[in-house]
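Across the two complexes that follow, chain A remains constant while its partner is chain B and subsequently chain C.
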Partner chain A sequence: MKITRNLAVAAIALMTAMNAAHAAKTGVTIGLQLEPPHLDPTSAAAGAIDQVLYSNVFEGLTRFGPDGSVGPGLAESWKISADGCIYTFTLREGVTFHDGSTLDAGDVVFSLDRARAEDSTNAQKALFENIDKVEAKGDTTVKITLKKPQGDFLFNLAWGDAVIVAPESIEDIKNNPVGTGAFTFGNWAKGDKITLVRNDDYWGDAAKLESATFKFISEPTAAFAAMMAEDIDAFYSFPAPENLASFEADPRFTVLSGSTEGETILSINNKQEPFDNLLVRRAVSHAIDRSAIIDGAMFGYGTPIGTHFAPHHPDYVDLTNFSNYDPEKAKALLKEAGLEDGFKTTLKLPPPSYARRGGEIIAAQLREVGIETEISNLEWAQWLEQVFRGKDFGLSIVSHTEPMDIGIYARPEYYFQYDNADFQQMIKDLSTESDPKKRSTALKKAQMTIARDAVNGYLFQLALTSVVNAKLKGIWENAPTQALDLTAVSWED
Partner chain B sequence: MNRNLTLGIALTAVFIIGALVSLFWTPFDVTKLAISQKMQTPSAIHWFGTDHFGRDIFSMIMVGAQTSIAVALVAVGIGMGFGVPLGLTAAARKGSLLDEVIMRGNDVVFAFPSLLIAILITAIFGPSALNAIIAIGIFNIPVFARLTRGAALSLWTQDYILSARVSGKSAARISVEHILPNVTNLLIVQGTIQFSLGILAEAALSYVGLGAQPPTPSWGRMLADSQTLISLAPHMALFPGFAILLTVLGLNLAGDGLRDMLDPRLRRAGR
Partner chain C sequence: MLRYALKRLQSLVISLVIASLVIFAAIEVIPGDPASFMLGFNAKPEAVEALRDQLGLNQSLIKRYFSWVSGLLTGNFGTSYTYRSPVSEIIGDRLWISLPLAVYALTLTVLIAFPAGIFAATRRGSRTDVAVMSVTQLGVAIPNFWFAILMVLLFSINLRWFSAGGFPGWENGFWPAIKALTLPAIALALPQASILARVMRSSLLDTLGQDYIRTSRAKGLTRRQALWRHALRNALIPVLTIIGLQFSFLLAGAIIIENVFYLPGLGRLVFQSISQRDLIVVESVVMLLVFAVILVNFTVDLAYAWVDPRLRARA
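Here is the complex of A and B:
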């Protein structure tokens, strides 16, 4: 008898608990495909580090907003000298790191000096190349002197690689990151999840969520199942575009389709025969049917591009017509190049589905004009070894996800090996140009140059498709940088 | 002929004929993509429907049969080609150092998880149908070597072998002229079984992306491609799955039937 009553009490208690949990959800679980290798955003390129930590745990002097604009972060305001070489930042008062130490100008000097030091392992050292010196003027004023005027300096400081760290906690940053953000680092169960907890001493508006868990699920099928079972509340950058239709049809979920900085290109080895011939590269560009690739590989998610530039950028020029799908023209160009019988080349594909599926489609399209490709599917490590470092490839497909990365075309040693002195000069001039109008003109000219030279086959801008619980509000739709800012995310009642 | 054998041979024949026909003709070209017709369900035009690139699945299964059969056949050939002579040699030199070396070597190969070695081989030499053949072939060697040695050992004690030895025939000649013909039945049966395992192994390797590379259709890769689409287009997984199932079933039935037919001792002793 007693047992029965106890059971009943337990059952009621359980039900109440479940109801309570249902009524007030204060945490969020977010699925990510890749797990960070460690937790120091200032010493690795891995996007997963920034996705977990950017703005949540670490902040920089300036920061990206959801629309990609750059605004004040830890720096409340700044002044730029007339010659554009001296930036004076005023830091916010009363900002503390999660370990209790106060943020002062010294921390900024330490962070930036550490990032640009000779032995620094920062993945984006180029961001800081132009800095001549960083000085602390009092507790809350930092003076940065540049070697020459730089138009995008504030933009550079907003990157995850430029966040402010403290000398007190730098030792163990890879396992126990201590920043100034709205969340403190909680726990990392390696191979499974990372937990963040709300920072109640945050200088700005406190986060609405009490905690956030990032769960790492690499398998698309498992991601689909976890989402459907509501084990996770959102999956950032859902890896299987084919499943998005099922989510869209389900009222429990919202599918966010935003833009990313990921230009997906058919990389061409510009130094390898016969691709060293412009005619051949142009033939390739006309042999590609972008809409079939977007439809077949991405299930319709993606924006066609005609050059290496993000379509949502104000200076973007739509050059897709310049390399429109025209197999007859492609054949004619090949004939002009003396290759009317076609040729054989290699197509080396990294693991993401855009590459594997896109590769099969492109191989079929190239076959139509007489170009035979031998496909090899590679793992990332092999791809980096053979294609990116070894430059042993004819064609490859990859998405370049860094923002504003047209500068890679000015690096002749970069894996697609485009070597054009005029273009290199253009980028060099651009880096010192701070007049917005002239920058815009120069950027447009740069886009047209690489399109005219058909350096690579420009396919589409990767869409950022995230699946989110319909009641969860405030997840960024676009990805101006690798970030998953949770400070404004909340549950709708 | 018993019922198993008939059914097994019939099933196997369907796929072999399909593969042979696909050399000359398929309903649709499997290298041509038609994205606009992707993931159609089975219809009068596309009997098995189309895949995520709009290719005809029926045609792909026909061509895929070619891949599977070719890979498995050559792999079994490698296994027999190396395994049988090794087994014969080991039996002829029973108890010698050579016998030990051969058989322990085989044990080593046998002890390794086959898929792991296949992944190792393809990781070093790059994924391709040829490397898949080599990987599967290597694992067939100990199977045939052991089988041959075991059967040959019992033959070596027979009187007619003794008389062959007395008449001055060399061990090699005896192995080839007297032992080999007497183990052929066993080899045929084992070959059929290994053939079906080879088809499975090829499917497994292609499934993880280490077998035949696109655009060559392969059953295993068709399955892998369908994996994330299973809720949208289940037919993409069903048909290659059935193809693998039925071929393997057919070969196993044929193998069983052949054993019953060729080795009546087994039937009497075993069941």
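Here is the complex of A and C:
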């Protein structure tokens, strides 16, 4: 009897507590599918680290805006020398790290030198390759000398891998990140959630939310239930597109569908027979029906692409007609290549649903033109080992989520092994070009070159579909980088 | 009794040594490098190499095995490759969910199975017996994750009595934590209770047919007295075996249920660590689970001896 009474009292207390929480909402709980491995954005590639920390806790000299543009971050302004090799940054005054120490030029020198050091474990070390030296000129001025002019240097500094960290707190950064952002790190219950708390000493406009909790829910069914039960207020990049329709129909929720930097491609091993033959690659590109893949695997979310470039970028060229769905043409091309009887190859798929579901559909489409694929489902670690490093594959499907990454086609050792000296020269010239008009022309030419060479099968730009409580405002719709900037997020009354 | 216990203890130690070798070998041969996983697509080879050095992955296998085992003996489980914090701390946090969940589920299992099994056995062939048997048949057949999802739909989404998942932490009070573990515990307990009730029933029917029961009845004990004093105790041996197995299963095998209710337990830790190639965490958790299973078996062996004096004498 006593136990039942205790239980009843506990239940009532709990309900009151829950109702009180609903009355005045000042915090937010956001669901993420993957948990960050640790909390140092400068030494891992995991997107989850940036999703939690980028511009919330850590900031760089420059930063991405919601539309992908690059604006001032910790540097309020900069001057570029006439030869394009010297960047002089002026830091904001009165910026402090969360441990109370002041941000000065020395911290910037430390951060950039650390990222490009010999023993650096920065996942994007190449971003800093062109830096010759970084010098502090007084407390708030930093002079960066480049080896050669670089058109996208300010863009590179906006990446999560280039955020400014302090030498005093670097030792423990992986578990206790200390940055300059609008939120301080609160607590990390590993496997469960990370809590951020508003930084009341923030140099810019203070965040509207008092706290933010990121909850890690990997199972799509569980994500659906948590959202429906309103245990969480938003789910960033909702893992089950098949459920989006039921959220759209429910007035309690808004479904945000934005663009990402993720070009989803059918990667082709350009050095493996018979894919070393342009005719075969073109046949593959004509055998693929993009709209069937977008509808079937992504439930309609995604924009078709015909080259390796984000459609929302001003320099994007729509080349989808270049590789339109035409199975007859594909068969003719195979015949021309001497493969009228078709051939067999491997299709190695990493875990995301775009790959696993898309893979089944592509396998069926390729079968139509006589290409038999042997599908193997791999975990990420296996995929990196076999496909990415070992180059032991015929075909694969993967979304390349780094922003502006057409440069990977200039690396002949990169896993799809495209080796075109003209293209490599094009990218080399582009990297030192800072005239916007010439850059635009060069970027367009680069897109056309890889589409003409049918290096990979270009499928679609991955959509970012998030489910958000209808009263929650200010969540970024697009993802110019893998960030979930909460500084402007608030509850509507 | 002491000799019996010592003998059991000896086989426990041998099993542990063999297990450590097998686990280490099996996990080290899985393809996939933790450092390149962590640094992703654009990493420069020298950055991957630097990280491998940092993690100690460039040492020889034998050296790593011995440093792992000697660490285990001194309670130092090493540092996680990905989380970069002590493995013992990570496992400790998870145990505070997995262990109570297993105990909770096992308690429910026993509370359901014992009455059901005894009830059915004493009314063999009756309508209640048939009913218990069919319900338990269903309980064995229904996959627990499916049942879990049904419960979430009903209790969390429609009725809003429970959260759809997650764990508030013990620091926020005992009852909220218990509440969060209730649906998962029921989902885990249902099939286990069905199995246990069936075992209980058949084992009890077995003993009820024994000569000594007839003798005791002839001496004038009522059916009920004969059941409680003689039959039940003798029927417990197979039941204890199953309970032991079930506890190990509940501790290690809750991966799917932990995923459905997004509970940060041991199962999810193993799952996540394998995909991130956080080998040292995987090795230590698996070793810990093996240790738990062996320990449970050891305890069950001792419990046999307690309920059945013949076993003591034989050893």
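Simple rule for what comes next: the second predicted complex is superposed on the first by the 473 of 493 C-alpha atoms of A that agree within 3 Å, B and C clash if a C-alpha of one lies under 4 Å from a C-alpha of the other, contacts with A are read in each partner's own complex, and residues count from 1 in each chain.
Here is the rule we go by: contacts are C-beta pairs under 8 Å (C-beta built on N, C-alpha and C of every residue); 3 or more make two chains touch, one makes a residue touch a chain.
Everything quoted here is computed from the prediction, not taken from an experiment.
Per the definitions stated earlier, placing chain B and chain C onto a shared chain A by superposition produces no clash, and the two fit side by side.
Touch criterion met: A:Ala123 reaches chain C, while chain B stays clear of it.
Residue contacts after overlaying the shared chain place A:Glu385 against chain C, while chain B stays out of touching range. In the overlay built on the shared chain, the residue A:Glu340 is in contact with neither chain B nor chain C.
With both structures placed on the common chain, the touch criterion links A:Thr221 to chain B and to chain C. When both complexes are overlaid on chain A, the residue A:Ala45 reaches chain C alone and has no touch with chain B. Contacts of A:Asp99 after superposition: neither chain B nor chain C is touched. By the document's definition of touching, of the two partners only chain B reaches A:Gly296; chain C does not.
Superposition on chain A places chain B within reach of chain C only down to 8 Å, the least C-alpha distance between them. On chain A, the surface touched by chain B in one complex and the surface touched by chain C in the other have residues 221 in common. Residues of chain B that touch chain A in their complex: 31-33, 35-36, 38, 52-54, 126-127, 209, 213-215, 227-232.
In the complex of the two chains, the chain A residues touching chain B come out as 220-221, 224, 240, 242-243, 245-246, 292, 295-296, 353, 357, 359-361, 363-365, 367, 374-377. On the chain A side of its complex with chain C, the touching residues are 6-7, 10-11, 13-14, 35, 37-38, 43-46, 118-126, 174-175, 189-192, 215-219, 221-222, 225-226, 228-229, 231, 351, 379-382, 384-386, 388-389, 400, 402, 405, 408. Residues 30-34, 36-44, 46-47, 50-51, 53-54, 82-85, 90, 93-94, 149, 152-153, 156-157, 160, 163-167, 169, 175-176, 179, 259-262, 264-265, 268-269, 272, 274-278 of chain C are the ones touching chain A in the complex.
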